[in-house]
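Consider the two complexes below, in which subunit A is the common component and subunit B and subunit C are the respective partners.
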Partner chain A sequence: MNFKHKYVFLFPGLFVLIGILIFPIIFTIRLSLSGWNSYTPEMNFIGITNYIRLFTDDPRFWESFFRLSFLSVTTVILQYIIGFALALIVWREIKFKRFFRVIFLIPMMTTPVIMTVIWRTFFHESLGPVNDLLGNLGVEPILWLSDPVIAKFTVIIVEVWQWTPFMFLLLLAGLLSLPKEPFLAAAIDGASSFRKFVYVTFPLMAPISIGAIIIRLIEASKIMDTVFVLTSGGPGTATETSSFYIYIKGLREFQMGYAATLSFTYLVIMIISLTIIAKVLTKLMIKE
Partner chain B sequence: MEKLYKFLKYTFIILWTVFIVAPFLWAISTSFKDFQSVNSKVTYIPWLDFEPTLEGWRVLVKSPARGGVDIVEPYFNSLFVTCTASLISIVLGTLAAYALSRFTFKAGFVRNNDITFFFISQRIMPPIVLSIPFFIFLSTIGLLDSLIGLVVVYIVLLMPIAVWIMVDFFNRVPKELDETALIDGCNPYQAFYKVVLPNSIPGLIVAGMFCIIFGWIDFFFAFILTFTEVQLLPVKVVALNSSITPWWSLSASALISVAPLIIVAFVVERYLSKGNLSGALK
Partner chain C sequence: MAKIELSNISHTYNPNDTNPTYALNPFSMTWENGKRYAILGPSGCGKTTMLNIVSGLVRPSKGKILFDENDVTDLITEERNIAQVFQFPVIYNTMTVYDNLAFPLRCRNFSDQKIEERVKSVSDTLRLSSFLKSPARKLTADQKQLISLGRGLVREDVAGVLMDEPLTVIDPDLKFRLRRNLKEINEQYKTTLVYVTHDQNEAMTFADNIIVMDQGEIVQVGLPKDLFERPRTTFVGYFIGSPAMNLFETEASSNDCVKINGTLIKTNTNLSKLKDKKIKLGIRSEFINLAEDQKHNLLSVEVDKVEDLGNYKLLTAKMGELTIKSKINREIEVPSSDVKLHIPADKCCVYDNEILI
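Presenting the complex of A and B:
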């Protein structure tokens, strides 16, 4: 089975994707070499001036990048631990298994921005239920959205709520597709549940875990919607992530050229760091 | 020991369930409140804590001229963009996935895996990186603030998902299936259409659901690339948030916007329990 038929299958999709993407990518690179802003909205050529500015004179971008790394790594670790625990629990027979499975899946079906609108009222510092219930227990009102440190954790809570289900789904689907024999063998040997998990389940799940973590890291690195609605990057720049900073530079201050520089640099950093993370995780989790 | 473990297990899933359900319960309760019961003190239970009204829900169907929030049009816009983009992505993505799973491609150093990776890697692209050029691109060809423009952009978001799920799925469909069909005198297209496709329904459903989820929940592109002519649901609800915030109509519109996809959770669970999903998602 060969001939030219294979191209008929592949090319429509490939060319549509390339066709849509080629312009934005080339345009971004070209734009990053220009000084396009609201005073001179034109495609002039200023060489690598923007890149020099980024690498020597823009601590705010690098701060936002490290903040993003902190937020996405923390949320993904939490999602992995909680998601794995939930998947293990509903993998085996328990009461109301299917009910719990549905419940655990629901948050990922809801629109993040819209849920964040609800979360904003939920964490409202004087009219929200969280501070009210805590107040009944005698806890001082917590500044969920206006304290620079706590606001980060509020973002993490919302992200964990939103995306643990995705991790849960990938891990549960993986657990359900595992072969039965290793577990039977372990049962015959009389291994305890804990030993079974360490020596059988976890190693078998390693490839699936890596896949799930990488997918989630990719998606988490795009955190934007939540921050946008919940805190707008504030208080100050306490929850500002790279995407949000680029958004401010590009579409609020209209420094298009500089924003393109940021975008392109950010994209390159993302691709490199995700590749490294994938390699490291594979080394750590799959032992020969 | 066994008892303690069981106790911890149930405590954990019950606490997690409460955490998941809490914002929904709060939103449902808030949607029936009026000014007094939102702003005086925090209230929870209708009739006990406050007198419920239907005002929050009534605004949704009123015309904007009479102080209503027109949510019907954004609803259909969202539905149209999501479904069209998902459909195109699934058709093109499935064809490409089939090609990548069954044939070998060689072009210089590029192999099948590299092409698959190219498709999937588009998900790495942060929306913000694409949105500025798309903004200029779409305004040049006059598709800014239009449904078609959004569909074009959403295809980039969704096709990688379709390819990712379908390549894995087709790799699991035995090759003998198409080979038998070819021996029986089908041409490759007939083999694909008449034999492989009908055996791939579970994969197609999973891919379709994922496309619909990720299309429906997108906010950023809709926010950047549309203004007044076309409004999608998430943008509309967030716009409500930034104005004076009547929490009751905000909650009601939020609830009605997230409701349709919750059905998807039931469908996913069904496939999970039948074991069809495990193959499609690994």
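Presenting the complex of A and C:
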């Protein structure tokens, strides 16, 4: 079969792919080699000057990157643990199972930015209800948003609340698709609930867990809206993440060329690190 | 080891319906200690339901289960001390073969010394000794199935080992070896083995007693020979044996004779009470032969086709509307036209209302 017209049919898809993926990447690479900023808004060529600046003279980017790593790994681990626990609860035959399944999904269905505004109100240090309630219990007001360390955990709390349902959904789907026999066999062998979880449920769920963790890690490494609304990267740069820093450089300071350098470097680092993480997780969790 | 008694058991999966359909109709049965049983029947006849009731995975709608006279109906699986092997091998992927075999004992807090002793004994019997240290997931399907089985056998006090079509995933020649292996295990450990299958050869070669089921009903319980020669219903005659039993619609014409297409065939059954009633005559194709010097019980038939099936020839003959199948020694030449077939009276089974008289 020699069907030459196939390229005609492939073209629409290819066109979209070029338009939304390949062109922007190539454009970003070209832009990163330019000094485009608000004084000289033109696509000149300055070689790898921007890259030299990034690797020798920009600790703020690397700090934001390690902060991002900490935030995304912590939130995803917490989401995985809580999501798995919730999924295990409603997986069994319990009363109002359907009701709980829907309830657990609600955070994911809300708009992140709006929810973050609500969270910001909750955590407001003098007007918010959280400190008010804690005050009734005799707890000193906590600086949810203005203490550099606590602010990080505030971001984590909001992120975990918002995205645990996604983890829950994937893991519940995984649990529901597991074969029955291994559980019956474990029951016959007299295994306790703990042993059943360790030797049956968890190993069977490993492939799904890896998928869910990787998807969430990719999503979490893009943390932007939560930080933007909740703390604007503050106090100081205490909650600034890579994407937020790139946003500041590009769209606030209009250093387009340098922001493109940051974006491209960030993309390369993410591709490499997520590939390594996926490999390591597979090795750790699936013993094939 | 224990005697397993099922007393007035019945089960339905929709007990709240006004007219529930029963997956198992009421029955009682006793499985003697240390014997081998096969439950045989087509898919969906209630075999697995029966097994799951015994292992406690399903609670029967009515009736009681007794292990050595103790009522275990309300006990959960973990408390029943029963072993079950499923159609597909179930192993703990993260463990070695040794740990897999030791797992049921560890769950029951046996001492390490006792565990080692039992695992060694069972792995020797199942020829798994050389794999004990390998990860269980690296083994082949049949070895994995042996591990599943081994986890049942490793408990000395297990009431019985239930097997739900355990050899489905296994190669034919290995199947034969494993069945023999199972027999040896049964003789060595005196374990009550219950084996569910839809394959009659498997049932026949494995069991002391075969339980034939159809549509939630136990149709016949007996030795392989009984099932073959004296099937209690036409279903058993049809289901057991290959080809299925020849069955002819007929009527009794005298005290012991039936008429097939105008020919009188004598049977050893007393038919005096059934005169002129519609009945069925059943005879195995193995027992029908080309007539040599017999004078009676002969059917004149037209040869339709002769198939050489390796160890025997299968003759398909026509007599008017009737089709008759006969297994013939492959050395014998079969004429291509009309032949006479001999129907031995002592091998004839007569069925009234599908039930053997």
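Quick note on the criterion: the second predicted complex is superposed on the first by the 272 of 288 C-alpha atoms of A that agree within 3 Å, B and C clash if a C-alpha of one lies under 4 Å from a C-alpha of the other, contacts with A are read in each partner's own complex, and residues count from 1 in each chain.
Everything that follows uses one rule, which is that contacts are C-beta pairs under 8 Å (C-beta built on N, C-alpha and C of every residue); 3 or more make two chains touch, one makes a residue touch a chain.
What you see is a predicted model; the values in this text were computed from it and never measured.
Participant: Just checking: does A:G13 make contact with subunit B only, subunit C only, both, or neither of them? Give me first, second, both or neither.
Facilitator: The first partner, subunit B, only.
Participant: Scan A:E181 for contacts with subunit B and subunit C and give back first, second, both or neither.
Facilitator: After superposing on A, A:E181 lies in contact with subunit C but is clear of subunit B.
Participant: In this superposed model, does subunit C or subunit B come into contact with more residues of subunit A?
Facilitator: If we count touched residues of subunit A for both partners, the winner is B.
Participant: With both complexes superposed on chain A, which partner does A:G190 reach: first (subunit B), second (subunit C), both or neither?
Facilitator: second
Participant: Would you sort A:P203 into first (subunit B), second (subunit C), both or neither based on which partner it touches?
Facilitator: A:P203: touches subunit C, not subunit B.
Participant: Have a look at where A:D225 lands relative to subunit B and subunit C in the superposition and call it first, second, both or neither.
Facilitator: Touch status of A:D225: first partner only.
Participant: What part of subunit A is shared between its subunit B contacts and its subunit C contacts?
Facilitator: Dual-contact residues (subunit A): none.
Participant: Within their complex, state which residues of subunit A touch subunit C.
Facilitator: It is residues 181-182, 184-185, 187-192, 195, 199-200, 203, 287-288 of subunit A that touch subunit C.
Participant: What residues of subunit B sit close enough to touch subunit A in their complex?
Facilitator: 5, 9, 12-13, 16-17, 19-23, 26-27, 30, 38-39, 41-42, 44, 88, 92-93, 95-96, 98-100, 102-103, 105, 115, 119, 121-137, 152-153, 155-156, 159, 163, 178-179, 182, 187-189, 192, 213, 216-217, 219-220, 224, 233-234, 237-238, 240-241, 247, 250-251, 254, 257-258, 261-262, 264-266, 268-269, 272-273, 275, 277-282
Participant: Taking the complex as given, what residues does subunit A use to touch subunit B?
Facilitator: 1-3, 5-10, 12-14, 16-17, 20-21, 23-25, 27-28, 31, 82, 85-86, 89-90, 94, 98, 100-115, 117-122, 127-129, 132, 161, 169-170, 172-174, 176-177, 193, 208, 211, 218-219, 221-222, 224-225, 228-229, 242-243, 246-247, 250-251, 256, 259-260, 263-264, 266-267, 270-271, 274
Participant: Over in the complex, which subunit C residues touch subunit A? Could you list them?
Facilitator: These residues of subunit C touch subunit A: 55, 57, 76-78, 82-84, 86-88, 90, 92-95, 103-104, 107-108, 135, 137, 148, 151-152.
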